[in-house]
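Next, two complexes with chain A in common: one pairs it with chain B, the other with chain C.
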Partner chain A sequence: MKLIASAVVAAVIASAGIASAQEFKDQLKARQGQFNIIALNLGVLGGMARGNIDYDADRAQAAADSLAGIAMVDPAALWVEGSDNISIDGTRALPAIWDNFDDFASKWGAYVTAANAMQAAAGTGLEAIGPALGALGGTCGACHDLYRAPQ
Partner chain B sequence: MRGLVLFVLLALMGVGVGLMLIRPQPLSESDIAGITGDAKRGQAIFTAAGCASCHYRPGATDDEKLVLAGGQRFASDFGTFIAPNISPDPVHGIGNWTLAEFGSAVMRGVSPDGSHYYPAFPYTAYALMEVQDMADIHAYILTLPASDTPSAAHEITFPFNNRLAAGAWKFLFFDPQFATPESDDPQVTRGRYLSEALAHCGECHTPRGALGNLDMTRWLAGAPNPTGSGNIPPLTPGQLEWSAEDIAFYLETGFTPSYDSAGGHMAAVVENFSKLPPEDRAAVAAYLKALPGG
Partner chain C sequence: MKLIASAVVAAVIASAGIASAQEFKDQLKARQGQFNIIALNLGVLGGMARGNIDYDADRAQAAADSLAGIAMVDPAALWVEGSDNISIDGTRALPAIWDNFDDFASKWGAYVTAANAMQAAAGTGLEAIGPALGALGGTCGACHDLYRAPQ
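Showing the complex of A and B:
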């Protein structure tokens, strides 16, 4: 009897684990999609900064607008407690995010500031892109340094 | 009886020879004769050597990163090392250290009281530094803000918690020489100095043996992450298929060729390299492309 009870308990715990990974599926997709959109548009601006893509003010502006658009997504909807890499599979988000959520939010705020600065700069000329890109890269690194698990 | 006495004598001699072999070997006064540190020059060398990245307090941002109060924790197979206070505070930091004491710590792994440092402090790399560069770092650190935060004790497991273990380790493995041969190309030579002596890339990117010694036959060939999660990527040309320009751009911005961005401790390395001249980033890139294993 005790054996059956513990098997039931184990099954419940196991299914709770699966359920929570399932529960956050949309948040994970949204988070990772958001970063993919950032990466693809940084690719346009970085390619121009490095001279691999010819500078085109409209194309640079469109990429920067996309970065600024992502900056408008509210992080609270995406970064839900329990969706860290210890609790569920499929993410590199460290639990430290939820231990220091205010700091995490301020690091996202730094991205917002840098993305808006890029939006103001990108259409004005190639020479404005490099510094704005460096600032953006700094905001990515500052957050990854503390809140993303290594690969 | 006579046999026993002889045995004890031999054993004591063995211990004596052993202790001599593992004795601390600080820099001598003649090593630093005529050397005066230049704080202004020291700033860039300090940045390239990544001193602050380990010695600022956990979670420090912006200017706080120049307060070298210590406290960051570094997990290893031997326990957790906690970076000490190396700010200019005369009591809790290094404010009262002489240049010889500072140089002995940085380039020989010997503390002012004559004990061994654990090689979590990368003096194994810094030993390759020019003495003048070491003195410039010292002068620069003395211009930074003091912190009166006491240094915390390392949390090291037996038997490694005895510092003589660090002495034995140094006897076995501390052999200050460059991992790669001298190049005819001055850019590669500069990159070698930045990568091997200052930025100590090998500490994370080279795999280690059972006693924590770097496996020099697999220099920069990638390694498990000492935090226990994931791997530190290889940098050898056959494994890292980035162009030299990709590498330099990554060191400047933290962006990989697919616009992912640096994380973990590498984010701190990128932050440092972004402050160095473009020629230095290009030099590291040239050095990595010139590594064997292409």
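Showing the complex of A and C:
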């Protein structure tokens, strides 16, 4: 009887988990998509900095504009309470985000500053990209270290 | 023998399809995430217009800034040739996008214009949201009608 009860409890918890993941499906896709947009465009700028992609001012600017555009996306609408990796599947967002939301928001603010600096720099020449990229990467890492579960 | 050959061909096509979907995984997540960001924020502004969400100038502005931010994302980096719904799984993007990329880009340009207009309007008062929302919705529909497969 105890085993059956445990199984029922587990099933209820599991179905509650699935319901919540479903509830936050749009937020998860939005968050993860935003990081994919960042990664794709950092890939272009990083490729130029490393010499794997020829520097092209227009293409560098388009990539940097994309990063600055993502910086304008309101984090509050995407990082909704209850959408952490303990409550639901399909995310690596740690509950610590919501325990320290002001710090999380200020780390996002650091990304915004660095993305805007990259937007100002990227079209001016290849030599401006490396330092701006280093600053940007630092803001990514600062947040991931505290608020993202390992893969 | 004919049946076996067909099965082999089907398996080769299927595995080629999977390989390509994998190849464009980041682009698909970026594209779909960007539409989820748009949908979430249109939901806020639409809720205010319909009276289901109380108008709040800061929240309306944050939603509109998010829409304008997405408008800065470079479409060329996301809509890569070969990532249509005939070539790969997991997307509703029709091959017609790449047959008419200039028209597709100009329809994206119409979204950019409407998103910027919403950004200028949303914080000024509830009565400005409805018309800006109508114009925005029109730009979504114009692209979906031609370039997105039905669900």
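Here is the rule we go by: the second predicted complex is superposed on the first by the 136 of 151 C-alpha atoms of A that agree within 3 Å, B and C clash if a C-alpha of one lies under 4 Å from a C-alpha of the other, contacts with A are read in each partner's own complex, and residues count from 1 in each chain.
Heads up, the rule we're going with is that a contact is a pair of C-beta atoms (placed from the backbone, for glycine too) under 8 Å apart; a residue touches a chain by one contact, two chains touch by 3 or more.
This structure is a prediction, so every number in the text was calculated from the model and none was measured.
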Return first, second, both or neither, reflecting whether A:63 touches chain B, chain C, both chains, or no partner chain. second
Look at A:31 in the shared chain and tell me whether it touches chain B only, chain C only, both, or neither; answer first, second, both or neither. second
In the overlaid three-chain picture, which partner chain does A:40 touch, first (chain B) or second (chain C), both, or neither? both
With both complexes superposed on chain A, which partner does A:149 reach: first (chain B), second (chain C), both or neither? first
According to the stated criteria, A:74 is in contact with first (chain B), second (chain C), both, or neither; which is it? second
Common interface positions of chain A, toward chain B and toward chain C: 39-40
Chain B residues touching chain A - in the complex, by the definition given at the top: 59, 61, 225, 227, 229-233, 245, 249, 252-255, 258-265, 267-268, 270-271, 274
Tell me, which parts of chain A touch chain B in their complex? 38-40, 42-43, 46, 50, 100, 103, 133-134, 137-138, 140-142, 144-146, 148-151
In the complex, the residues of chain C that touch chain A are 26-27, 29-34, 36-37, 39-41, 44, 62-63, 65-66, 68-74, 76-78
